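Look for chain A in each of the two complexes below; its partner is chain B in the first and chain C in the second.
== the complex of A and B ==
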């Protein structure tokens, strides 16, 4: 017998990430419940800008994705990676830097998002300084992981590690790709890409954040914790190879399914559809390998709460990954998009797959790290049932609500009128669904509290093993066996593995994004489309700050039900100066792309003023929150010139030296709008200096460039 | 051999069927004038997928009988040993055999045979085959994708989003015309007259209360929008003028066009309600007059207010 190396696994870092995941999970879900309740009672923002829906909805999504699931990923990776490689993590200092750095980023997000500091890109809202911090921490994590892999005592990399590698390399690519922006100030930047290109890049990112942050790392965790918990061999090694490579290659292409029937060119939409459909089998490969690993152990699922959680998680994964491709078929998407159907879909994934897998792993880890038994199986079972029911109470009302609203949007009377011409009717109809959904969320959240209590009790009863002793023989020189799988070759070579997976995930993005940026015919030019005036630009930035795009789309799709309701469908050429694009992904309120003056639904400046201050005066029964602070805040024009300068640099054709007279122009336009408001009864001596005037200027500009008459008159 | 044939060729059959269904669904969606047709279209798609699967199974059975005939021939030509070798009858019920054929899973009891020799932190791996149904599913989706792209892009046979929209609009217009041809309700801004009937005016009030009060006030006193009670009108005060403004709006000034939300009869009712019931009253908080004094040819009323006569404004 040759020598045996002795070493220790660091459980302390695992525990840290575990605690962070539970704490931020609870916080993120509380914020989720809060935004859900605001859809029933808008006054629950307590009249404070920082707690209004548009600002805290991204707080909820960021908290659950990056704080709850993110810490959950790291918890699982820091536990499984060293054990699968028979070596401790390479650097304890880097592990701790990773931990504290990540928590600092979460804290920064929790402060900046309520302040309205956002890049408007969904799930990438954080502004550029935080983006840089994320990059640093992420690279520290990658370095630590790769050095650990290089120092391993195990010849081959297990499938879980393939997923970790693909996750790391792809998230790096996506994070950089979607955050190429030029700073105006410390907390404001404009993206380099505009309009359709920006939309395509964002959803290339957004879709693959789901794929490579919520899916692939969790598949890796599943491949470790499922066979561990079930004490059964993984069902099929061959299946894991095929579904892994197919999954990472195909996933990247599917982003455009978020943009079906928008102004994105048809060819890119179709690529989004077909690659989503082709994702069914690779996704289900993971589900099969998870569930079939339980063959011969199904009887234990009844007794072991860990297995219960894992089974429901994998089932939810299977359902969500079948539903996703169905939602990517254009005729289904025409119904689902912009409605609560999407919300239901993502929560099956988030609550079921990510939530339950995380919980299952936590119930498995804590007793092991504390060398004791779980405090109460009964409580874990209670958590399981209340959580499962919570998912159903959440998802079913959302599906129902989505179908209801889509049907109402599209219903015509025989004489050719929209049956529900007032958008609000289709919103007030959903109240009870929203109440049921909030109840489902509350149930799910209660389950997490029960778990936290159970885990704390377990920890109290045991004693924590911070450093776990382990031993393994050093890595011997490799001897190739005859007839070994071709794939074994790459499993011994982490760096080529990294490079090949990078190539696999780069292709889809290149083929979709580059033609969009380089071939002019993809975005036909419209001569009458002009840059925003300085006042409109400031108004647009207020629109972004308040998170209006969380509830209002700016994309009239080519459907009769939309052109009748809003006006001419949106053209890609109308968005060429939109940095960032603001197409939105959910219509809790109506689309606003044809809201501007001169369109058939246009309103007067005073109407907008009154509507922003108390929406219900102009739109009784509306669930839009009030924005009285916009009528009080003075518009900050100190950065206007810088903004114009940056946009000019990015290609917006403002005249030479325009930044010097921009503020003057801004004041002139503000005075005009203030006058028009006063004429219709708005009383405020300093009206022209208020933020609301800028916002109204922007709203009145929306979708008007293709109406030549209106442009001429507003000049 | 025969199994290979089935798993590799059959998906292509199915793949050929699926997109055909999808194509039907797409054009049906394009043709739809109502939501139910659209829902129908997407259900068609799913139904087609199920049908395609059923077809795969049917064709499998068909090929099975072809195989049987082949085996019979072997028996006739080479005798009983060769025949038995060829048949090697599978055991178990039909369902079990079907499951076995479509999953190719090695039973739990025999899994030692496919257990790979490595061990990662106690985790072992089996080397079960890819489940044939899963492989078939993958091929079907790939086939679907190829045919989808060909249909919509490489050949241009499928409609673009824009063409779909135009088709949908033309269809809807046709259906609407056909419906309206059977209706008597065809008033427009050239033929509209004031309704005096109290019932009609009550209906007009309902339309007014639902849509107009936010800007023009409960009593027509004005607010964001102009006052309706005085004799001053920005765009004329005849019923034809009022009807036209309701229908087409004054888009530059924020009066929206109601023509595609309100029916002509309703616009006639609300115009009448404004002119008969609101006009000439003197509500509190009335907005100052805007526009020109309008005097109908046969007016008996005096202007309720002179320009600038009211100090109060706003709402």
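== the complex of A and C ==
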């Protein structure tokens, strides 16, 4: 082949994503550290609504997942994809649109989340206008990627590319599937699915977001950068292909393991468990494949910080993918769920796998793109050790804390009573673990600062190669295999796959757009379960705004230790009007599903008032943040009618024309609660107009529908 | 539990899409050679880039 095409790789876009990843990584981790410190000193939110735990925890998770790791993915893809395909990215304009669009979305998240604008779906908190923006930017990325694949000069699609493709396709579907919502206003919407259905869709999303945003793209990066850094081919290319196909066929079915022992049907829970356990095989195959790439070169690991980071990252992947399936086994899950164990587990993955792989790639990329040597190998080694220790200091206390908490929750005295009947005891016990964890986080974060310094110094010393010259022969006209003629058609297009998948996504979307299909479910109906009153509904939306679900679950599992502590276990029929569902995933505070009036633990309205304003007055040593502004803010009822209208449209059986009298009803109920609070000594002339009255109305309603009427009234 | 069936159908469609992709890959000869690609990537981009600490080539 005489003719050779000359072209240039765009390093500038890689550098942009790299910088964004470092900057947002640092910000996201600082917020993480702040969140961790608030669990030791709740006052560290400085009494400002925007910085309370419930609002900035999602800020932390979104920042590290979508800003740090997200930009990290794009950095790696924009570097490796053109080189693997021997062609520049298809459109530089799209690359830049992708970059700036993504950063704009991150900024929108950084503003809206502290404002309490959230859908309450974990890792999908952003409200509908931002969801739309994400879809647009994501499609731009996909278009750019697929067109690049079409224009390639290399027939074979290296395994990393398959991982990128799977990432794009699946994330598209997940994002659409989990954000089917009906707007009430610009910054408020209700999901179409309610209760158990909403929970199921959310964790199908949540699980696969971990799989296809935090795992598959990073596996693609591993299969590219590990061989590059080690300068030897992957241990077994065949195994990597098997790894890919096995992983994507199994991963998608494991979602229900997030909902074990909840009101989800048993068979779905078992399905989730079986597939989760099966996942060990491909995951460990991939881990070994990555590590064995270093066969015969282990001595280099000692000298090369890049390899050090990659080795620990892949090892962390192995640990997390072993632990994940274990946590999916029902008996283990009964202990681990709702505790800090889960937090430990995700951070092994996040800090070890995602964090260290990203760092390793950055240490490899910057010297290459700046055509120089790394400024200081010693600093990189320091980063490596402080980071590794940071992971240990983080994970070990969290495991310990998780077990401590779980054992305390379940401990009975010989006479058959709960040994730690006061939940607060199980909270104060954990203080030292939280301190150790914050220290671990601080160490990890300091490492990132060291890296940033080292990379900046490296860049200063070198000269940036924005456009890297390359050349390759054009793709030979494709030779037709003898097979059936439609192959010819398919062979020339690496995108039938894209098309099929897009059709899949569209069909999925269409199915989901028929809300009726979702609403008339066969969740067992409980006659006494009624829609929320307007006041309770507003209170519920405040609960969502403040992010109370970040610390409180609303799902009593059918264990004796839980029914003793909270009351009757939760039934799926109780949630049919819950939009969104608020089961939560972590019990930093007690479960609240049986908090309402007439239940075993119920409290007076005034107790709640005082507890919300300063929790420590009612519960000394509590780490729940204070919410004094709820007792000052006036409840905004301007949207109440719209909310009722939307919910009615979605199938909540409010009477005909109810939205017109909803606010009147709301005021009536508020007056009753205000009166009850006043009787118990709360002083405030405008009490009935305060937000706190709505919140307390909601808390008092929780889990009360199944109490026989007679008992509820006599209480 | 309509949502479960919906999710199962969605996931099945996705799986079917991946299956089709798998067949395409196998039949179009993507996997006929399962060794060379792993070596080839190592020679992709050393037309200009000066070596870093880890790059032994050149």
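Points worth noting:
Here, the second predicted complex is superposed on the first by the 665 of 715 C-alpha atoms of A that agree within 3 Å, B and C clash if a C-alpha of one lies under 4 Å from a C-alpha of the other, contacts with A are read in each partner's own complex, and residues count from 1 in each chain.
Following the convention adopted for this analysis, a contact is a pair of C-beta atoms (placed from the backbone, for glycine too) under 8 Å apart; a residue touches a chain by one contact, two chains touch by 3 or more.
These numbers come from a predicted model, not from an experiment.
Of the two partner chains placed around the shared chain by superposition, chain C is the only one that A:304 touches, whereas chain B remains out of contact.
Contacts of A:237 after superposition: both chain B and chain C are touched.
In the superposed pair of complexes, A:169 makes contact with chain C only, with no contact to chain B. Contacts of A:193 after superposition: chain C is touched, whereas chain B is not reached.
Within the superposed three-chain model, A:84 lies in touch with chain B and with chain C [touch as defined at top]. Once the two complexes are overlaid on the shared chain, A:228 sits against chain B and chain C alike. Contact with chain C, but none with chain B, is seen for A:371 once the two complexes are overlaid on the shared chain.
Touch criterion met: A:249 reaches chain C, while chain B stays clear of it. Once chain A of one complex is fitted onto chain A of the other, the partner contacts of A:158 extend to both chain B and chain C. Residues common to the contacts of chain A with chain B and with chain C across the two structures: 83-84, 86, 156, 158, 224, 227-228, 233-234, 237-238, 240. Within the complex, the chain A residues that touch chain C are 9, 83-84, 86, 156-159, 162, 165-166, 169-170, 173, 177, 193, 196-198, 200-201, 204, 224, 227-234, 237-238, 240-241, 245, 248-249, 252-253, 255, 265, 268, 304, 306-307, 364, 367-369, 371-374, 377, 465, 468-471, 481, 483, 487, 490-491, 494, 496-497, 500-501, 503-504, 507-508, 511-512, 517-518, 520-523.
Chain B contributes residues 22, 25-26, 28-29, 33-35, 38-39, 41-42, 45-46, 105, 108, 111, 115-116, 118, 120-131, 134-135, 137-138, 141-142, 144-145, 148-149, 152-153, 160-162, 164-165, 168-169, 172-173, 175-176, 179-180, 183, 214-215, 223-225, 249, 251-257, 260-261, 263, 287, 313-315 to its touches with chain A in the complex. If you check the complex, the residues on chain C that touch chain A are 1-4, 6-7, 9-11, 13-22, 24-25, 27-31, 33-35, 37-39, 41-42, 44-45, 47-50, 52-57.
Residue ranges of chain A in contact with chain B, taken from their complex: 80, 83-84, 86, 154, 156, 158, 224, 227-228, 233-240, 242, 246, 261, 266-267, 269-271, 273-275, 277-278, 280-282, 284-285, 288, 292, 295-296, 325-326, 329-332, 334-335, 406-407, 410-412, 414-418, 421-422, 558-560, 563-564, 569, 597-607, 610, 617-620, 680-683, 709-710, 713.
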